[in-house]
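Encoded as structure tokens, the structure appears first; notes follow it.
Note that the chains take the letters A, B and C in the order they are written out, and that residue 1 is the start of every chain.
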Amino acid sequence: MNATFASPILLPPISWQRRATDRLMTALSVLTVLIVLTPLAAIFAYLIYKGVSSINLAFLTQTPKPVGEPGGGMANAIAGTGVILAIASLMGVPLGIGAGIFLSEYGRNRYGDAVRFVSDVLNGVPSIVIGIVAYGLVVVRQKHFSALAGGVALAIMMVPTIARTTEQMLLLVPQSIREAAYGLGISRWRTTLSITLRTATSGVITGVMLAFARVAGETAPLLFTAFGNQYWNWRLDQPTAALSLQIYTYALSPFDDWHRQAWAGALVLITLIVGAVAAVRIAVRHGTLGAGA
Amino acid sequence: MSNQALPRPRFNAPDPERQGKAALKVETKSAPLLQGHVSEFPDALFGWAMRLCGLAVVVLLLLIVYKLLQGSQLSWHAFGWKFFGQSEWNPVEDQYGALTFVYGTVVSSLLALIIAVPLAVGVAVFITEMCPVRLRGALSFATELLAAIPSVIYGLWAIFVLIPLMRTYVEPLLAKTLGWTGLFTGPAYGYSMLAAGVILAIMIIPIISSITREVLTVVPQHQREAVLALGATRWEMIRMGVLRNARAGIVGAIILGLGRALGETMAVTMVIGNRPEISKSLFDFGYSMASVLANEFSEATGDLYLSALIEIGLALFLVTIVVNALARLMVWSVTRGQPTKGVA
Amino acid sequence: MGVGITVEHLNAFYGKTQALFDIGLVVQANHATALIGPSGCGKSTFIRCLNRMHETIPEATVEGSVRIGDLSVYNGTSATQLRRRVGMVFQKANPFPTMSIYDNVAAGLKLNGFRKRKLLDEVVERSLRSAALFDEVKDSLHKKSGASLSGGQQQRLCIARALAVQPEVLLMDEPCSALDPISTGKIEELIFQLKEQYTIVIVTHNMQQAARVAEFTGFFLLGKLIEFDKTEKVFTNPTDKRTEDYVTGRFG
């Protein structure tokens, strides 16, 4: 059987230039990944290498020694960070969650859109500018730097983040759940808090922790609000030490011992941040009955 | 249509046998437990409380604008627009011009973009298009880890690791090879505009990368397949089928990175040298808007000094808002308003 | 004891679109009334007007009058108060996912302020028994979450939850459509028994189910109530030709 076929159409072979370009771009992409991962690895390596050796009991329990003297620690800075974050959370978390509830349950309209837009704008404001505003709002009035002012600055930063994540988590709760609650004669406010919010709890808490972790490392807004302090201070209306501020001051100083302590402080800070996020993730997973959002 | 009616379903009378069986005993109800009138008041109160929270967010922004405007009044009246055109910054004689800081912010941010964009887009392309699926999670986690590191720790690392590196190796190399451009001349202290650009670049890579990744993922699979079906290599598919479609979104991601770089304070302050001078060489010291605020705000004596600083803060605020709004518009146009996660 | 429902001139709208046209019917106390009709005919909309769930949808409005017992639904009381007297079971079982079985059943009482522990225990047990679920879950009331049960069990949980609030009327919106035949059979058995104490209105697209459980049946088509009568008559000797066409399977 000799059927005549038209000569088969041969696709032009892929030229070596095109193949080479393809290989080159792949290689370049891999290279970019390596380049980007290098500083990450380097930073963590240095943090651990330089920081671990300096973290000892003295570091965690003592206050800084007078300028130039070796030794001492950052205990007051660690405590100060805790206090400032507590103040910030007390103000920022309820407000943020409330705004999130508004956006999800009462804000599916243009008022909600306006708040959403403003919230995103607020997220982009440089933290140092927020520090200036907190200075104007609190420090000027009180006539001195204070933990309260620092807390206010950080709270302002927490609110938009928490509002948006809360909104997204609440929107994930199916409408049928709300309807089941309404059908039982449960009032709207009760439904929102005890049913809707409760169902979204793990997601909302994760959002809060992420906002928390973000502001925990902030330095700029504390520069002229909390200001820093070499000694213990538990009063809310006086300058207070903070871990990030202390790291900054020590890093810029000319003393080797303070440099060493700066690394230690940095390691403590990053551990705190990563630890907080991890702890919440674990707690949330074991807390709910395994069927949460 | 058939004339024949379909057989009607037989109506099942309750089964007499079943009646006696008492398979289930439905317990008799007790008297109603829920008595009393339900007030509408708590619902109304709660609704208003939540609306108030939403309003508070708007009030916060207005408060920021108000405080900045109020604080910068003095300086504005004293210098007007020339404030941004003058470079003399002299607290002793109460002469303030923000040009050096504007220059420093712009140059350090642009430098950061030049370095960061190819890297960030490269990483994003790799993760979404080239990476084996198993590695994807680990790599994206790693880039997000970069975003979690606080600015002051970047600065710390920059002072003790990056600066010596730049001083010893990078700057001499640049001076030798590219010195003729005039950008890489002068004494190499390490602390420099260049260093600021580099550390900024590292800091903005995560955000550009993560938005770019989102934008790339949204490109429909059939676009990629269409290009591949024409006999394209993988890179050609990426270039023509993916990047081209995601262009607007990638530009948006870049602009978002720019917004972040403009406002970045601590790391920049720690490496830029903090001298208010405009200089062509990137090896020289510089000063950015955020840095002068960080360094001088708490010690500013005199109302005009303070007001000048606040005016710089106002300018920084306005610029970052505009840049961020623009960026979001572009990203939104590509992802059609799907919630973007991790955008701080 | 259940109460009767009187509906007069009921019109319902989604925004500008009208979904129900001048519905009027009377539901007898302590009987089961089925509502049948093809998809989209308005039977779900109708039943949701009875406990004012329809208005929870944005831009949805209702005109007309509904009386449950001596209570005027739209003029006499707040929606929340009404819904404590009228329970609802939905098409897809929707137990509260983060709550235990016990908490699910008790939710209607607890979240309305009723907290006496001992009495709650009694009510929960009683409701679960009424829903024929107690024996299956009695050992894990507090340990298992509502969402970890099977589909049929979840729906019975929802029934127990609705019963715990002790409504006088029970509205069921295609409660078995997502369930297997055995679970369906169990729930139909339940309805049979519940009739003695509650007034039941059940929406179903399954005509045999209507025939099995209900004394009265209403046929909806395109938002209008075409026929409403004793179930036997509707199925064996309907007045309207459209009803006849539907029950004999000519369309729908």
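As a working rule, contacts are C-beta pairs under 8 Å (C-beta built on N, C-alpha and C of every residue); 3 or more make two chains touch, one makes a residue touch a chain.
Just so we're clear, the structure is a prediction, and the values are computed from it rather than from any experiment.
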item	value
Components of the interchain contact network lacking chain B	one piece
Chain whose Cα centroid lies at the greatest distance from that of chain B	C
Pair exhibiting more inter-chain C-beta contacts, A-B or B-C	A-B
Where chain B and chain C are represented by their mean Cα positions, the distance between them in whole Å	50
Gap in Å, rounded to a whole number, between the CA centres of chain B and chain A	13
Chain C: positions in contact with at least two other chains	80-81, 84, 112, 165
Contacts with two or more other chains, residues of chain A listed in rising order	185, 187-188
In chain B, residues with contacts to at least two other chains	34, 38, 43
Chain A residues touching chain B - in the complex, by the definition given at the top	11, 14, 18-19, 21-22, 25-26, 28-33, 35-37, 39-40, 42-43, 46-47, 50, 95, 98-99, 101-103, 105-107, 111-112, 114-115, 118-133, 135-137, 156, 159-161, 163-164, 168, 185, 187-189, 192, 213-214, 216-220, 223-224, 227, 244, 247-248, 251-252, 259, 262-263, 266, 269-270, 273-274
Interface residues, chain B side, partner chain C - complex	5-12, 14, 18, 23-30, 32-34, 37-38, 40, 43
Complex interface listing, chain A residues touching chain C	108, 174, 176-177, 179-188, 190-191, 194-195, 198-199, 201, 288-292
Footprint of chain B on chain C - complex, ascending	78, 80-81, 84, 109, 112-114, 119, 123, 126, 129-130, 132, 165-166, 189-190, 192-194, 196-197, 207-208, 211-212, 231-232, 235-236, 247-250
Residues of chain C defined as touching chain A within the complex	51, 53, 56, 58, 79-85, 87-88, 90, 92, 94-100, 107-108, 111-112, 144-148, 158, 161-162, 165
